[in-house]
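If you scroll down you'll find the structure; I have some questions about it.
Chain nomenclature is as follows: A, B, C, D and E, assigned in order of appearance, with residue numbering initiated at 1 for each chain independently.
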Amino acid sequence: MIPETAILVAIVLPLVGALAIVLAGRIGPNIREAATAITSLSLIWVVWGLLPTLMDGGRPSVEVSELMPGLTIAFTVEPLGMLFAALASGLWLINSIYSVGYMRGNKEKNQTRFFACFALALSATMGIAFAGNLFTLFLCYELLTLSTYPLVAHKGDPATVRSARIYIGVLLSTSIALFLPAIIWTYTIAGTGDFTTGGILAGKLNDPEIGLLLGLFVFGIGKAAVMPMHKWLPAAMVAPTPVSALLHAVAVVKAGVFAITKIIVYIFGIEFLFAAPSSQWLLYMAAFTIIVASLIALRQTNIKRLLAYSTIAQLSYVVMAAAILKPLAEVGASLHMVAHAFGKITLFFAAGAIYVASKKTEVHQLRGIGRRMPWTMAAFTIGALSMIGVPPTAGFVSKWFILAGAFEANNLIAVFTIIASTVLNAAYFLPILYMAWFEREHEGGKEHGEAPFLAVLALCLTALLTLAFFLFNGPIIELESQVVKGLS
Amino acid sequence: MNLLELLGYFNYWVFAIILTIGLYAIIIKTNLIKKLIGLSIFQSAVFLMYITMDKVEGGTAPIIQAGVEDQIFSNPLPQVLILTAIVVGVSTLALGLAMVVRISECYDTIEENEILDAD
Amino acid sequence: MDLLAHLPALQVLVPMLSAPLIVLLQPRGLAWAGATAAALVSFAIALTLALAVLDGQTLVYAMGGWPAPFGITLSVDSFSAIMLLIVTGAGAASLLAARPSIDQQIGSERQPLFYSAWLLALSGLVGIVVSADAFNIFVFMEISSLASYIIIAGGPDRRALPAVFKYLIMGTIGATFYLIGVGLIYMMTGTLNLADMEARLGDVTDINPVLVAAGFITIGLALKAAVFPLHVWVPNAYTHAPHMVTVFLAACATKVALYVLIRFDYMVFQATLVDHGLQFAVFVMPLAILGILIASAVAMFEGHIKRLLASSSIAQIGYVLLGVSLVSIPGLTASAAHLFNHALAKGGLFLAVACLAYQYRDLRLDQLGGAAARMPWTCAAFVICGLSLIGVPGTAGFISKWLLISAALESGPWGWGLIAVILIGSLMAVVYIWRIVEALYFLAPVADEAKISEAPIQLLLVTGLVAILNIYFGLFPQIPLELANSAAALLIEGAQ
Amino acid sequence: MIDLVLDVLSWILLILGASCVLIGGIGGLRLPNFYTRLHAASLTDTMGTILIFVGMMLQAGLSLATLKLFAIMLFLLLTGPTATYALANAALLSGLKPDAGDASDKPKGNTPE
Amino acid sequence: MIFIFAVFLLTMLVITAVAIVRAEDLFVAVMLTSIFSLLMAANFFILDAADVALTEAAVGAGVTTVIFLCALSLTGDREKPRQGPRWVAIGTVGVLALLIIYATFDKPRLGDPDAPVHQHIAPWYIEKTTEYMDFPNVVTAILSSFRGYDTLGEVLVVFAACIGVLFILGVSPPRKTQQVTTKNSGLRHHLIPQVVGRLLIPFIVLFGLYVQFHGEYGPGGGFQAGAIIATGVILYALLEGEANALRAIPRGVLLGMVVGGALLFGGVGVVCMLMGGAFLEYSVLTADPVFGQQLGILIIEAGVGMAVCGALLSIFHAFAARESLS
């Protein structure tokens, strides 16, 4: 099919899928899961079908509606978005495989609502990935927030509802109070919000305002969880593990950092921003977030909360990489999105698998669990190493590019931050690995084996991806280099 | 300032005073019927204002006597408006009274504060 | 004269003259059917008119064939077209859905009177909108007011009566103030036709009476439009009215008064009084801001769903006024658009409430637990309209928020302050809408839910339709925006 | 000559009538209790009306106005006493004993409730 | 001379108004209100507004008072004394009064022939009335033709009030109190009022009809006539008892009159439309436009009369019936 329609299909398909899931849910779980699987498969087919067009420099775009002059709902495919879309669609398949195992293993209720909202969230994600201008991005961003709310509040008991309230509250209010005015401001001074290579604000804005606008954007996009807008992420840990995976790896937080990167690259333009001293604070902010989040993670005893804070840190890697404002760093940013996605989803799957199999949620409970759940813990190990950035894992590649960018900009703060955080990551992951593999499980622990097969399959897949990304990342790098092509 | 002029001002002042009295009754009285009475006073004050402005020196009621030449007529338009306004006023009054009757049936009182206490 | 030429008159006459006939239709089904038919016809007329004036022309109709300053003329321009769409649309939709809810709340023997009064209210509002004659506006204001008192008093709860009595008193005071203002202007100009007034006010030398007149008219209409400090009659009246009546009135009643206010201040005074624009802004803007903030804050702590939405209506009036008080084309466009979008959102919300009320006697939030499980479609519609009220992108409410904020941005130094107000208001809206949503979806049910099921299909379909419209006009708002734009241009150039 | 006589006559009548009305008014204010006041008021209804109207008719001379005036007089003469009667009747029904001797309107203990 | 009289009347007005507000006994207050209306009517007459005076006297002093009394007999006629400060209210209204009085100083003085009111459109009406309608009463001409649309609206207002009262009082009272008195038998046991009443009522109705159909020539027209006739019937009801009055003119007929009147008015307008004119453009009714105007005005005045009379009567009956069954 021609790319223009492909874009629309990619966005509409999950919606149709959601409908199908609701209907199929009336018939029976198996049909429903089948609907999910079919949808995600066909989505992958559609999205990845766009790759070739992109590789030879095509930028297919389609406009849906012009609300008012200059303000349109339009979608364009460009490398950053392509990467994000491909990533999300791919991980959705794996995630659904895992969710089936998890949800059934846990006998959760309202599974139909769960899968339907999941599909909706994916549709919004596709929208974000292909958004052709700020307004469309904002539209899909809000849709994503709203469609994930039921997922976070899935359990429905008072505590969960309270946390879900924090989730929706932070995300909605930041987006309305900061993101929206930033967008409108951009439209009023630039007359348009289309994502164009090299930015649209160049020369339209003076120095202090640049910093202000950047701040509105960065803090307005609460999904990026730059401190102090990170509160929602730990709160959202009440959600079932597949949802956490969705939040952390597949869609939500990625959407945040993706949006920031895209705005920096296509709205401000990195050279314009690099020239503006008042944009420096973003780097410091990100660095600060990385260090602090890692320190907090160090003190966590609950596995999922630990992972949450590590996510916050990792996200700020991407933000910081983008804020270095050098081509290599931008590539690094996009790579790190992928790398972190693979690593973190593996970790969450593992944590979820442990919970399903043994109902263990605390770090100290993991003593010797490696013997009971070898596969799971192996995957966990790979994920953890990738987080730290040890070869041969994905994390290494992205960190390499980011460091390269940092040196190119000879930005010592960035370099220092990366090294320090690497040490910290090691400091909070290695003990877990040690405990899991080499310590003896204390007596009286209840007998349990591996998690349900589907779950284990999924997490092994992601672990493999984590490794594979280290070896075969050529095409992706080439693709992403197109973003900064022509920039020194 | 001749007599007519003074009278003109006097008309407007009376209008202002009556208007004020009516409004005062509406605001201050808790008895619903008293409020409605105040309302009707309030409205008739406005009637007075309109009618006052239609007077022409040495004019007569705007009814053309056949054969009489160059007679001066007062302005008919405000009279028409006030005809309408009077009927509107009495309609509002009737509606209000009907409500008061129902209220006194449901609450056994027509004092506003007691009604507020009732629920 | 061909039919199109007669349309402005027919717009008023169709509901007006069918009202007396309705009284005679004794079997209640017939009364409802007749009223609905009339409302639908007038909606169709409104659509035709809107399309006719889309290109910015003005249709004028001389009643009784008497020329403008001497007889009464009706005029329909793009601004009135928007209001016509809102009013007749709200009337048609609510009447279409009304029957089950009304059957539940009002005895069948009183229904013919009720529906006839409803049509009268509709025709009165429409008459105000199309009229180009100051006194004629007063007459129709009274028709609509009396009729709305009647239909509000139809509320089954006894508290409806004091509420509507208060409304009657304040409404009459407002109308009388308006009458005084018109009288003073007539005294200084000797005419009642709005356009003629503007023309002749120019060469009035003694300006004091005109200033006082402007004050009286503004305050009187503000009273009827429930502008912030004068809104005390709204919450009770909306809360205790029959649910469908609340839908109708909340969607359009106060907006019409606002419309007259805007018309007067822009088309009559703006051009003639020295820096009236400034005085107007100085007078209105604080009220608008206070209204937005305080009313939203009140709404955040309301426990009763209808009272909550009523308070939010007051806040929304504030948004419209804010746009108006900017005295600029973007601001007016935003206001006009917001009139339209808020009517959509609030109408949908109250429709959903009516659906809920069909099953739940007690509409306090803590009583509504678990409604979502029993009435999924209703709650879905409620959520959509609620998002539109908040101004989430993709819904109609977002469009006007966007316009409003960009208008504020262009309005100079204090723009950022206004934006802050608007955003805080939206955040408060998030809070109070979300309180309802959580109650509907996650609160533990209290009522014995055995009997509770989805609302009747008739009610449900209309509600769903409105919800869908909220999304449609969020994605394809071209037509209302076009109308709003030309309306703003019209008003501003009327002011020059 | 004759008109002068008529004029003077009419004015005399008018003044007489006016004084009747005035007396009636004073009586209504000063007299002690209900029935006596009623009695005073009736003076206004009858004598006052007749005198004033005749006076005005003389002023008007022979014209349509005179006819109208006469009609109005007739009307008043019919209604005035009737109203007085209705009032007295109502007072009696509500238990107010006619008793010229006593100076107040307090209902007596022995009045029928 | 006349001015002194006017000043006297106006002063009386103010005094009456104060007395009304101060009166504790609502019955007294209502009576004073009716006096207030009479004074107002006299004032209107002095200011050359004959029609308005007639209407105010008939509607304000007559019908309103009756309705008030009906309501009072249902609600009780004592006002509870109010405690608490009233300076706020006094302050606000005082400011209002001063504002208006301040505004009056720029107003054109009373009766100034050069005042804009008398310049712009009023003369047009006066001269064109003879040309278009060819009858003397300009007020009627404006009321029913030049601004006929307003009058239609006004009829609808009356209609609204009528159905409103019927609707609101249409529910049976929550609790039955014991029969207060046997009011509804009227004064039938009292010979004198009955005889006088029987004597007068025909004349009242006759006068009403005169006012109705003489409206083009003298003061009067539909509203006044309707009010007057209504008063006559109400008097009948008071004398003969409300039940008999209803037997004479049942509720259905009254409602029919209201609806019929409104529809008659509207119908004429629609017929004008159908005959190719604008709404309410009577000239097209007949070949001769002047006669067309006259005809149209005659018909719609009849409609107005019917509607007003029917509305006032059914409102009265709604209250009165309440009285007998509460």
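List of remarks:
Throughout what follows, a residue touches a chain if its C-beta (ideal position, glycine included) is under 8 Å from a C-beta of that chain, and two chains touch if they have at least 3 such contacts.
Bear in mind that the values here come from a model prediction, so they are computed numbers and not experimental data.
Steps from subunit C to subunit D, minimised over paths through touching chains, total 2. With every chain reduced to the mean of its CA atoms, the largest distance from subunit D is reached by A. Chain pair with the most C-beta contact pairs: B-E. Averaged Cα coordinates give subunit B a centre that lies 31 Å from the centre of subunit D.
Distance between chain centres (mean CA atoms), subunit A to subunit E: 75 Å. The geometric centre of subunit B is 29 Å away from that of subunit C, both derived from CA atoms.
Centres computed as Cα averages put subunit A at a distance of 100 Å from subunit D.
Touching of two or more other chains is recorded for no residue of subunit D.
Counting partner chains per residue, subunit B has residues 19, 23, 53, 77-78, 81, 84, 88, 91-92, 95, 99-100, 102, 106 touching two or more of them.
Residue positions of subunit E with contacts to 2 or more other chains are 100, 104-105, 107, 115, 117-118, 121-122, 125, 147, 150, 153-154, 157, 160-161, 164, 168, 171.
Contacting chain pairs in the structure are A-C, B-C, B-E, C-E, D-E.
Note for the complex: subunit B touches subunit C at residues 19, 23, 26, 32, 35, 39, 42-43, 46, 49-50, 53, 77-78, 81, 84-85, 88, 91-92, 95-96, 99-100, 102-103, 106-107, 112, 115-116, 119. Listing the residues of subunit E that touch subunit C in their complex gives 99-100, 102-108, 115-122, 124-125, 128, 145-150, 152-154, 156-157, 159-161, 163-164, 166-168, 170-171, 255, 258-259, 262-263, 266, 269-270, 273, 276-283.
Of all the residues in subunit C, the ones that touch subunit B in their complex are 135, 138-139, 142, 146, 149-150, 153, 158-159, 161-162, 164-165, 168-169, 172-173, 176, 179-180, 183, 186-187, 192.
Looking at the complex, you find that subunit C touches subunit A at residues 387, 390-394, 399, 401-403, 405-406, 409-410, 419, 423-424, 426-427, 430, 434, 438, 441-442, 475-478, 481. By the touch rule above, subunit C contacts subunit E in their complex via residues 1, 6, 9, 13, 16-17, 19-21, 23-24, 61-66, 69-72, 107, 109-110, 113-114, 116-117, 120, 123-124, 127, 135-136, 139-140, 142-143, 146-147, 149-150, 153-154, 184, 186-191, 200, 204, 206-209, 211-212, 215.
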